[in-house]
Amino acid sequence: MSGNILDAFARALASGAVRVIDLTHTLSPDFPVIVMPPELGQSAPFRMERISRYDASGPAWYWNNLSFGEHTGTHFDAPVHWYTGRDLPLNTVDTLPPADMIAPACVIDCSAEAERDADFLLTVAEVTAWEEKHGRIPAQSWVLLRTDWSKKRAAAYANLRADGAHTPGPDAAVMRLLVEERGIIGFGTETIGTDAGQAGHFSPPYPAHHYLHGAGRYGLQCLTNLDQLPPTGAMIVAAPLKIQNGSGSPLRVLALVQERSTG
Amino acid sequence: MTEPLAKPKRKNPLARMRQPLLPPSARSRKAHELTLAAASGRFMLQCCSECGQYTYPPREACPNCLSSDLRLQDTPTGGVLLSETRIDVTSDPYYREHTPWRTGLVRLDCGPSIVTHLRGDCGGPGNRVVLSLQLDRGGQAVFFAKPIPETPNMEDDLQWLELTADPKHRRVLITDGRSPVAVALAQALKKAGATKIFIGVSDRWKPFNEQKSLESIDGIELVDLDLTNERSVQELAMDIGAKVEILINTADHVRPAHLFDAGAANTARDSIDYMVMGLMRLAQAFGPVMRSRGADGPTGAVAWVNVLSVHGLSNAPQFGVHSAAHAACLSLSQWLRTELRPGGIRVINAFSGPLDTEWFQTVPPPKVAPKALADAIVDGLKCGIEDIYVGDVAKDIEARLFDNPKAVEREAGQ
Amino acid sequence: MAFSRARKPYDGVVLAVPVTVPYQRYSIESAHWWMGRALRALSEGAGISHRDFDGFSVSSFTMGPDSAIALTQHFGLSPRWIDHVPMGGAAGIVSIRRAARAVQAGDADIVACVAADTNQVDTFRKTLANFSRFAQDASYPYGAGGPNASFALIARHYMDCYGATREDFGKLCVAQRDNALKNPHALMKKPLTLEQYMVARPIAEPFHLFDCVMPCAGGEAFLVMREDTAKSLGLPFVRLLSAIERHNAFPDDPVQVRGGWVVDRDELYGMAGVTSDDMDFVQTYDDYAVISMVQFEDLGFCGKGEGPDFVRQHTFTIDGTFPHNTSGGQLSVGQAGAAGGHLGITEAMRQLLDAAGGTQVKDAKLGLVSGFGMINYDRGLASAAAILARAS
């Protein structure tokens, strides 16, 4: 029977009935990374140095050396990333259960609100309103916060001001709701973090990180193309690199979406 | 008097660019004692510690008493011009491009007769002159005589210009606009007559306070430059490499870290990637084109300045990583100096003590104001110095290293 | 300090077989080729095999990396006495002094004194660039003008001190050119007027084109032996009456205004038993006319500072009141490197052997030759002079 499901899936892919959408930004040196106060440790940005390009260092081949922090570009946060998840089993990217790498997604569109207010916060009210329209968020699904922030570039994307970054994110209550009551597998955003830019001032600070990872759940950030996803029904493939004791990694995030016309 | 140097016209794109040539550079080992003096703008000659007689040319024994204890000593610069000539014919290719060339014979008040390069308006034999030791385009020490009192436009004398790196009518790249010295440096360069100042800024999405001050200076252009990104450095060189006559590398990365701290390796890696590898990336991208433009007219490519911490010369434990990275930069700078020499490009190291900025907040005074550092760099370019020590701390360490480097090491951090 | 005893005279020492290998502006040959020609001419002139030269003295700037010993094998010589005299314009007279003592003492019987240099296209520049440590450290880097620039500083100072003018220098140069026109070996074949001299292009002020010698390739040579040897070989000869040399004289003079001749000239004339007035001709070392003028003063023909006046009161052609540089000198014959210091010697020998041809000074019986050389830093270090006399 399982064979039939995958056969059907293969046919759906081939026919275009299931479309694959890339939710990943290109890893490039100028993509902003999270900025910490300078006296703290910093994430290395993505860098690429050429080994050879059909030249004296390698006559027939082209290849590069890469360097980057675990949390650069479109990336995955494992539970061990935050102190609240440090003692959990299977809390690193190399021990991540493979089954968790594929899960359905609920997409909450707050792009209009985020356009009005860079400090927009997702609260229980927005989730309640969404559930009234699309049904209760199923357990073990991703909740992806669509803000269209990925369409911004460079300075507007980082939106750093003298008092820090101003980017949208969830408040503490909604994270407790999603993690403790809905049992989501993870939370994803288009901004540099799963938390809002000013989330250091929340209680607890950085509630998305605090609750998600404290419960062994995951984070995805710097996503793009969320505007191409339906509110429900998309299947997310998010498989981070298998880095020993890794707290996260850049990754390719794919969404599988069934086209309505052929559905 | 000297004719003021005219702003160079745009180049004729059909005319071949002159290839750099260097003046004769063979010297004895002893003669490099003068290089030591010239590099830091001092005027020193051998002086016999037994009989007190100054001697020149550099010798291995005192011609007066045959003592071998000839020490390099600060020397009074005054003398009388005994004779002069204007060389119109020379067998050397470098000088052939610079004739007529004036030289003279000066009797120093302290004794020796010196064959010296000569400014045009020294007034003829019998007049008093002052001598200085300069580095020529090959990096070797030579004497230069100037009239007393100074005469108009002295800095524009064509022979003097060969011995200096004056920013006048030149285009400059400051590699890091976020450096605390960038604004002061841009202002000082502007005042010194630089026609264009490119200022590299990384991560333009990260705002910085000085951006407005920089943009308000006429002749400034902010350009994308991330020293940690090979591609960024190369792309900028492709854009403006052939327009940079003076490159001033202001890259710095001050992060206190204890050697035994877990995070120290990352701090060191960040510092070394930014500063050491950054300098290497700059050298690879900008070095070849600058070297090729060393003879591109009187305002061709002329100098590369590295702004270094004096603690690169001897480690300051509270800024151990910073010191180590600067030490590596110094070594790289020496390498770069050798590679740029065929182009006649001088590599200048400006050694500064702690700057009066946020990162050195906990360091007790004296500290160096960014403006003081900027002025010292521009002054060093105009005087043709190779090693600039800026501020009391840097000068103190220079003198103590000359005297007893072990004492500097043992007393560091106490 | 005066503990040098009276020097032993050069009794019985003679010079024979003056040889000039005709000069070329540029040569594709090495210095060795020119030495070989000179040795061959000495051998033919003496009527003996070169293997019979039991003494060999050589001067050259361009024989590197060889030394004198290497040349013995190169030329098939088996001498029992050899010498290398790297002293530029003083080398000729210094080699005479050394060879004279060798033949007097019997360490050698026949010394071949050879000076030769080649002049390939880049030879002159390389010689200047590697001339000496002081030159490399302290003069060549200043415009690389070579001796022109160094002597220009000396000349300018001399002019300022003693009132010499370019016309004074020009008078000597023009006279030498007149003499050279009678010397078939001279490279300069065209007459020179004072007007041409004055308007020539500048080289290093105050020097213009005709103040400067032309570097070229060439060789000069002669034999030194005892009178009995010369007679047994049937060779005409000239006598060596006296000779002096002095190096780095007056080191405290801030700029050179005099040479070492001043120290030793009394001995020069005393040893020969003659005075400066007795000279029938003078061959000075004329790398520049100003240096000839200094030699007139320092060798006692006039007082210090009276050189310009002396020049104005005399004529310097072969038939002049003061026959000087009768071959045309280096200024008009050419400067064949180290051979430049031998040029005056071979010319003086020919004058005293009645073999000078067109340049012969009538009734020349006594002549003075001087040498000068080695501008190590700011001045010429070596000065030398000799008085030669007709055999009888």
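The letters A, B and C name the chains in turn, as written, and every chain counts its residues from 1.
Basically, a residue touches a chain if its C-beta (ideal position, glycine included) is under 8 Å from a C-beta of that chain, and two chains touch if they have at least 3 such contacts.
All figures in this text were calculated on a predicted structure; none of them were measured in a lab.
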Hypothetically without chain B, remaining chains sort into A | C
Which two chains are joined by the greatest number of C-beta pairs in contact? B-C
Give, as an integer number of Å, the spacing between the C-alpha centres of chain B and chain A. 50
Distance between the CA centroids of chain B and chain C (whole Å) is 48
Euclidean distance of C-alpha centroids - chain A vs chain C, Å: 94
Sort out for me which residues of chain B touch chain C in the complex. 23-28, 30-31, 56-58, 63, 82-92, 94-95, 99-105, 107, 113-117, 125-126, 136, 140, 142-143
Within the complex, chain B is touched by chain A residues 29-30, 32, 35, 38-39, 41-42, 44-45, 47-50, 154-158, 160-161
In the complex with chain A, residue positions of chain B that touch it: 203-207, 226, 228-232, 255-256, 263, 266-267, 269-270, 273
Which part of chain C faces chain B closely enough to touch in the complex? 124-125, 128-130, 133-134, 136-146, 148-150, 152-154, 156-157, 160, 201-207, 251, 254-255, 377-378
